[in-house]
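To keep things simple, chains are lettered A, B, C and D as they appear, and every chain counts its residues starting from 1.
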Amino acid sequence: MSRPGLGRRALAEALGTGLLVSAVVGSGAMATRLSPGEAGLQLLANSIATAFALAVLILIFGPVSGAHFNPVVSLADWWLGRRDRAGLSARELGGYLVAQLVGAVAGCVVANLMFDLPAVALSSTRRGGAPLWLGEVVATGGLVLLVFALARAGRASVTPAAVGAYIGAAYWFTSSTSFANPAVTVGRVFTDSFAGIAPASVPGFVVAQLIGLVVGVGVLVVLYPDAGRAADAVVDAKAPAAPVRAAGA
Amino acid sequence: MSRPGLGRRALAEALGTGLLVSAVVGSGAMATRLSPGEAGLQLLANSIATAFALAVLILIFGPVSGAHFNPVVSLADWWLGRRDRAGLSARELGGYLVAQLVGAVAGCVVANLMFDLPAVALSSTRRGGAPLWLGEVVATGGLVLLVFALARAGRASVTPAAVGAYIGAAYWFTSSTSFANPAVTVGRVFTDSFAGIAPASVPGFVVAQLIGLVVGVGVLVVLYPDAGRAADAVVDAKAPAAPVRAAGA
Amino acid sequence: MSRPGLGRRALAEALGTGLLVSAVVGSGAMATRLSPGEAGLQLLANSIATAFALAVLILIFGPVSGAHFNPVVSLADWWLGRRDRAGLSARELGGYLVAQLVGAVAGCVVANLMFDLPAVALSSTRRGGAPLWLGEVVATGGLVLLVFALARAGRASVTPAAVGAYIGAAYWFTSSTSFANPAVTVGRVFTDSFAGIAPASVPGFVVAQLIGLVVGVGVLVVLYPDAGRAADAVVDAKAPAAPVRAAGA
Amino acid sequence: MSRPGLGRRALAEALGTGLLVSAVVGSGAMATRLSPGEAGLQLLANSIATAFALAVLILIFGPVSGAHFNPVVSLADWWLGRRDRAGLSARELGGYLVAQLVGAVAGCVVANLMFDLPAVALSSTRRGGAPLWLGEVVATGGLVLLVFALARAGRASVTPAAVGAYIGAAYWFTSSTSFANPAVTVGRVFTDSFAGIAPASVPGFVVAQLIGLVVGVGVLVVLYPDAGRAADAVVDAKAPAAPVRAAGA
């Protein structure tokens, strides 16, 4: 069985990341419009909508590209798969990152247009400080650990629901509301609404996310030292009947 | 194994579409009654109830008719299956569309009666404008892409939960609250409550949904060019152990 | 493989129905205590907690007794299985009904005690009238159709999640908040809190539920005329790998 | 296939229990910050976030350690497995309990830091009295019954979602908000925020949880008298294709 070409996979990454940002920004705009002044209710709607949308998007695009939608996941895939050439190549990694960034910005514009906001506006919402950066480290580390632990345990078929549930929870249990994704972070710059982030706040978030990547990969290789052939199946929804492998076997 | 006859399948489409409209209109009426003035809380209850109900209805009726409940899905099934006669025939398509429309209106009447509203009333809720129509294009395109991507990837067993989650999310991330279904749109004309839509607003919504159909099918055939034998299994819940096919194999 | 004896199965039905009533009454008491005056938020918490609890209880007790927890389901099982002796026998049916009723009342008492309410108190909440009774017919008919459609389609492994989701949705889309269960209805008489129902309102609800039973069975045998060997597997969670049968094959 | 060593399993228990406490405490802090004075909305967010997080954490750490995260579960595993040496040994039990306690406290500190609260503070929230202790008995008994019933019925693959849903519901239907876990109870001492518990209230809760353990195990051995080889697979997410065993066979 052959893999889809890089062009088709990059298109899937762009569309998936774009629709993810549309879901995050759009549901945030709807929530603030319907429940002005009720921040808790806004985040509740935003988190449930994001969890459901993310699970569905991984189902749609997983069989094509692996449904990374996230430079941190693509970087980890490339990093963990270097030795046995099971992950993304450097060239593929580049294609994925560009597609994710372009898609994220486009998805933000689509959300703005759907909600009759300026097509492009820079967010004025400052986010940062040590507690929030720690939140991003935890959120991103947990995400990386989840995605690759499922792959190494041969359970990639539950990845769509699990990643959705994880982000839905992390919106609440991290102080940063769990961006956990550099491409989505950049995309969310271009809306001055609930889900936005000011340009000046992006570098701090991205650095924290990269630290989270290192932490997540570190924990992963301690808990699941054996990659085996599962390394190739990251967030890939196409393997419901994957053979079960015992950890450490 | 033989297929159920068209009469039985049309009955399933009518009942399923009807109960879907009952769930949408009924939960909207309950939410406005219990939380007057709190639009965000109303939509939260309405979206969760719809997501749960839709998943369950696909489980109930999927093995009989494929659980389309939606002219856009039936049209796509007919369109995508013409070449190899795997989808609905033109005659079957006609039966499905009539059943969906009749069921949708009846389901609205049942909801009105359950909530002690006039059995039939025309909605006075105007919905429209470019941002909302864009919302319908996105919502419908995503729905078509989801349903047929799962079928082509051999994962139709997760369709019930995935479609429910998708609509639950799209209520929030599209400005139109994601009608995404011409039959349901028509059914919702006949209640002057939370979920209603004024007759004059229907054409704009339906046109946007048809554009969404074209967009969704276009993306589908680029990402999943190979239909294979899965073409016949659209939203069919009866295949939990379907063989896994690699995309593009 | 032998079936558990009737004593053990009746114990499972009593415990399961009891814990279900504890979940319904307890979450209602918690919701009114935490959100006084906010009826919508109360029902939202009550419905989500009930949906989650019901799914879990079916998982726990399904392999022992089939997890009916509901006289309507047991009656339908007996009725549908008479011809080929696949369902409950009359003696078993009697044991199930008694266990469900006793369990329901005991579960209500436990909830009262957990929330520091009088151990036994008659509810003063009147519920009735044609719209609500219609709600009970729809709710109960849908439940029966769901449970037996899944059994006949060979998909009993998803019954726990599906029944939980169904009731969670039906709390909202029926005007009666979907009791749909004579034993639970009786149990809820014995608390004067959110989830209670006045004794005088019970007969109307139970009659409506029995009409719903007839409607649900009627639709079932039209849509799924072939019971086959699945008839025995009603709401039984022990068959994740059940052979898939085409409807009408 | 060999089991991971005790060191690696203890690390998994510490990390998993820690992240669970981070999720509980963190989402509670976020909820009170965003919805001050709205206790019902706070618990709704807290319960949904906990349910999602717990399911995900069991998926991540289950294949390594069995994802107990809870001394009550580890004790039951040791107790039920003594005869045929299928459960934890006494030495392993000790390692698990220490890891869970250390992890729980560390997780609370991380949550405090993420939300800019004092790294360590003793809670001033008193919790106790007979109704709440009864709540803990019910919550813990139900949890033990759920976990081991799924193991004995050969359905450990649904344990992650089921345990998450159970705790999400039990937050609402028990008056104690279902701590149901001595390690998490101790961890929650060290934050003076929504999820905290005063040190003086810990003994009562832990005693009630241990009574719940006995009740849960008692009901289990009556309903599922045959442990068989499933005894070893407690909350272990690595067995999606486990052979199905009939109860009582």
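Going forward, a residue touches a chain if its C-beta (ideal position, glycine included) is under 8 Å from a C-beta of that chain, and two chains touch if they have at least 3 such contacts.
All values derive from a computational prediction rather than experimental measurement.
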{"item": "Chain labels contacting chain C and also chain D", "value": "none"}
{"item": "Equivalent interface positions on chain B and chain C, same or different at half", "value": "different"}
{"item": "Chain B-chain D separation of Cα centroids, rounded to whole Å", "value": "39"}
{"item": "Interchain centroid distance [CA atoms averaged], chain A/chain D, Å", "value": "28"}
{"item": "Set of chain D residues in contact with two or more other chains", "value": "38, 41-42, 44, 48, 161"}
{"item": "Inter-chain touch pairs (all)", "value": "A-B, A-D, B-C, C-D"}
{"item": "Chain A contact footprint on chain B (complex, rising order)", "value": "38-44, 47-48, 51, 129, 131-132, 134-135, 138, 142, 145-146, 149-150, 153-155, 157-158, 161-162, 165-166, 168-175, 219, 222-224, 241, 244, 246-249"}
{"item": "Touch list for chain C against partner chain D, complex", "value": "1-4, 8, 11-12, 15, 19, 22-27, 29-31, 34-35, 38, 41-42, 44-46, 48-50, 52-53, 55-56, 59-61, 63-64, 110-111, 113-116, 160-161, 164, 237-241"}
